[in-house]
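So the structure is just underneath, and the comments pick up after that.
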Amino acid sequence: MKEDSAQDFITEEYLLNMGPQHPATHGVLRLVLRMDGENILDLVPDLGYLHRGFEKIAENRTYKQFLPFTDRLDYLAGMFNNHVYCLAVEKLLKITVPPRAEYIRVLVSELNRIASHLVWFGPFAMDLGAITPFLYAFREREMIIDLLESVSGQRLTYSYFRIGGVAQDLPDDFIVQAKAFCEYFKPKVDEYDTLLSKNIIFIKRTKNIGVLPKELAIDYGCSGPVLRGSGVAYDVRKNEPYSVYKDLSFDIPVGTIGDSLDRYNVRIEEMRQSVRIIEQVLEKLPGGEIMAAVPKVVKPAPGEAYARIEAPRGDFGFFIVSDGSDKPYRLKIRAPSFSNLSVLPELVKGLKISDVLAVFGSIDIVLGDVDR
Amino acid sequence: MTTQEIIRKISGRFPTVETTIIDGENALNVLTDKDAIVQLCAFIKNELGYDYLQFLTCIDRLDKLEIHYHLYAYASQGTIIVKTSVERVGGKIQSVAALWKAADWHEREAYDLFGVVFEGHPGLRRILLEEDFVGHPLLKDFKGKNVVVLPKI
Amino acid sequence: MILKFAATIYNGVMSLPQGMMVTLKYFLKKPVTMQYPDQKWVMPARYRGVVSLIFDKNTGKHRCIACKNCVKICPNYSLAIETAVGEDKKWFPKTFTLELGQCMFCGLCVEICPTKALEMNKEYELATYTREELTRSLLP
Amino acid sequence: MITVCVSYMFNLVSLFDLISNLLLNVWMNIGLPVILFELIKKFVVAGVMFGLLSVTVMFLIWLERRICARFQSRVGPNRVGFQGFLQPVADAIKLLAKENIVPQDADRLVHFLAPPIVFTAAFTAYLCMPFGPGLIALDINLGILYIFSITTLGVMGILLAGWGSNNKYSLLGGMRSVAQIVSYEIPLILSVLGVVMLTNTLKITEIVDAQKSFFDWFIFRQPLAFIIYLIAGTAELNRTPFDIPEAESELTGGYHTEYSGIRFSMFFLAEFTNMFMVSAIATSIFLGGWHGFGFLPPYVWFFVKCFAVVFLLIWFRWTFPRMRFDQLMDLGWKALTPLAFVNIFLTGIMIFIK
């Protein structure tokens, strides 16, 4: 027997390609993992598989024409994309939107936020191996999608907002149905808690996994639930209120240490808060116009405007530079998922391959948003 | 810290820098020379507390490339937009990735789509487009093989 | 200390049957899904399906005046109109084609139409076997 | 006539004996040797067993899909045949018609051998499983030992599949599977050991006969052992919450990622066969085997109990999230194995006091 018997047992690092076709990457993302057995040494995200060049498309479309394209950015939260784009153009045009339109915007946005969070909740549970919550989440989401479809005419790519207002008024029975949905949905969130949030296996899988300290989250430009999970109580709706969020009361859920469980809890609580907002909006909904006076051809004066909102995935912004023509000179989309994803390599170092999903799922990215 | 104080502080430290207030918002435009960008950003981050790099982007002005750094301070909830410009083709600028880690990917994106080289960046390579892509598509005169000329109506 | 540990274990173990009760509840309830080809979804009034011209039920005529506003607003350039002048000196569309593969169902064309000649119908089963079938003529 | 039929329904063994004696008489009249008849009989029994099991497994697949659908507020397969009964058959035909893909750099022999090993191991274990009084193919003295050793052989095939596919996901899945099954085999057997100590036998028929009345069922005398058995059994089956070797969201299917067509269906069938095996063992050892409450034939009682356990397994699967690999090991070595030892210790004390 040789003296250094440890040398007989040689281990090697290896590369593992997760994606672009992988059930857990939620789209087409490639994660290149450098692994030592089950342990992760390094992770490099490789993105761009869904890059459609919207910023270039925008330069060749008129302001009105570009609106339907925004639906396809974060395709789970089309209303928010519409909203922020309209806000940016309205800022350029210096238009004030009538109050009813603002309330309708908030109403459909918050419904969409719940739908979007449900699509996060389901696949996150599925990443961790629980398949049933996924279908429960989609069952509830279906009702929201039906509601939004009855308003806008489409199930995902709404194109409902217009520069200066919204496309159509709410249908007649919408308010009744939205109220019924709120009543239906509230106990369901508690049910998710019983099914998943309190489950010992789930807690074991997510607690102290992927801890994102406050400073690191800010440094990486994280926003939305990822940032709030780390304990920063920052929400654009509260801190820089746009639309009518100033008149609505809601809380910002905040995590403590910034692990996967904190991010999970923040989103679950956000769904409850969204229901609260919807109920208030349904109470307060004023009458009146739904469109401001907007010129037939939108030609903003030269200048630049940056508008941002709190999308389900974080701080979502549109930066538009106008040169006075009917097309944007430059349009930059500040996608929350892009910055949120960049923190992933930092979070998974030293964890196990199963934990990648617990972390990745809790960050909740949409590839349409990352790649644009 | 009010906006006026911030302007005073910046111009006290960097006399050549132009600052203007954006109406109606707690925001500032800061126009600077590209050589001073890292010092200015470090000052804004460390002394003024603008800890959140919202995004970094370029604008093709046909004669130059304008680079915008959108900075935000969680403490004072104010925005500073640092603007600088580089040459349109083969422009080079110091990277701020050491100051904000968020700048890492945003600079890669700017390099990818505009061709600005960020010196001192930890790994400057294409991010959204494939590695063997030729050209930088967000430049106004970009002609790729897949570019479709739109019909004239 | 030991009590706390025991309580953690107890709560952890008890969380499992609680979760099972939730699934059991739905096991005993009726399914919520729809049996698709047998039952079909009723499309809401505003549903944005395929763009089509509205034909009057009695006269069988459409209201298009070939102003091409829809062609201009279309973000994907999926509509095309060839115009002609009729005997009554009015413009009318000689051909009116829709490239369905390019259409993004945004509804801007319907919104801009000055004579309300266009609508989006309730069609949603749009798969075809060939690419050519996706080019549709809106005129009969 | 009806009473005779019913009595034969209740006592299948005598029916089989009747048929076999009739055939033997014909055979003797022709003048062929008896030994050949015995040989053919064995083949026929094996064939019948295999056919019966296949049908059961097909039914099980249908059952799992329907039950999980109901757990999820869905309907499940209901098109092929009455209420979708023939869906597994349709799936099997589809899989048979599919191309058999072997990865380019795979170890072809190993890749080829793995599914038959898993499949055989899963089906051979039923040799010693009593479905009713006398309804057992081979009533050997070491029945329990035989079943556990044969079912464990299946892991060999899984490892081969993981290795032979030349895919990192498969390899990870295979390695995980071996580690998991080896560690959970110990609490599994230890939990059964308590029953063996009480009955002083490894013969399954005798263990079943020891639980004639309802309160003699070992689930009441060994509740801890039953729970340990159920958990360890779930882990043996690679089912959620212990499905880490397959873990489709992590490993895209684990060891059977690179398998297609008939070979994949072998893995699939073996999985469900094992599932039925685990519940059959649980039924025989803890739930009184074929002993029921009258009014139904014993083998029906056996199947009823089996499917009750199967339902429990399905219920687990569609409720819980998956555990992590190291947590799984922790549970096996730090909780289940010591508990199983405690159980054996307590059983020993009980026997000693008596």
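By written order: A, B, C and D. Residues from 1 in each chain.
Everything that follows uses one rule, which is that contacts are C-beta pairs under 8 Å (C-beta built on N, C-alpha and C of every residue); 3 or more make two chains touch, one makes a residue touch a chain.
It should be emphasised that the depicted structure is a prediction, and the values quoted were computed from it without experimental measurement.
Trainee: Relative to chain C, which chain has the most distant C-alpha mean position?
Mentor: Farthest by centroid: D.
Trainee: Could you quickly compare A-C and C-D and let me know which has more C-beta contacts?
Mentor: Most contacts of the two pairs: A-C.
Trainee: Just how far, in Å, is the C-alpha centre of chain C from the one of chain B?
Mentor: It comes to 40 Å between the two C-alpha centres.
Trainee: Report the inter-centroid distance (CA atoms only) between chain B and chain D in whole Å.
Mentor: 64
Trainee: Counting only Cα atoms for the centres, state how far chain A is from chain C in Å.
Mentor: 23
Trainee: Between chain C and chain D, tell me the centre distance in angstrom, where each centre is the average of that chain's C-alpha atoms.
Mentor: The mean C-alpha positions of chain C and chain D differ by 48 Å.
Trainee: Tell me, which residues of chain A touch at least two other chains?
Mentor: Answer for chain A, listing residues that touch two or more other chains: 132, 136, 139, 195-196, 199, 201.
Trainee: In chain B, what residues contact two or more other chains?
Mentor: Within chain B, residues 150 contact more than one other chain.
Trainee: Provide the list of chain C residues touching at least two other chains, using ranges where the numbers run on.
Mentor: Chain C, residues with two or more chain partners: 16, 19, 22-23, 26, 32.
Trainee: Which part of chain B faces chain A closely enough to touch in the complex?
Mentor: It comes out as residues 51-55, 57, 59-60, 68, 70, 74, 77, 79, 81, 100-102, 104-106, 109, 113, 126-130, 137-138, 140, 142, 150.
Trainee: Going by the contact rule set out above, which residues of chain A touch chain D in the complex?
Mentor: Result: residues 14, 16, 22-24, 38, 125-132, 135-136, 139, 195-196, 199, 201-202, 204-205, 352-357 of chain A touch chain D.
Trainee: Sort out for me which residues of chain C touch chain A in the complex.
Mentor: Contact set of chain C toward chain A: 11-13, 15-16, 18-19, 21-23, 26, 32, 44-48, 73-75, 104-108, 111, 120.
Trainee: Under the definition above, what is the set of chain A residues touching chain B in their complex?
Mentor: That would be residues 47-48, 51, 53, 55-56, 59-60, 216, 218-221, 232, 234, 239-240, 306, 308, 315, 317, 319, 321, 329-330, 332, 334, 338-339, 342-343, 371-372 of chain A.
Trainee: Can you tell me which positions in chain D touch chain A when the two form their complex?
Mentor: Residues 68, 71-74, 168-169, 172, 240-241, 243-244, 247-250, 252, 318-327 of chain D touch chain A in their complex.
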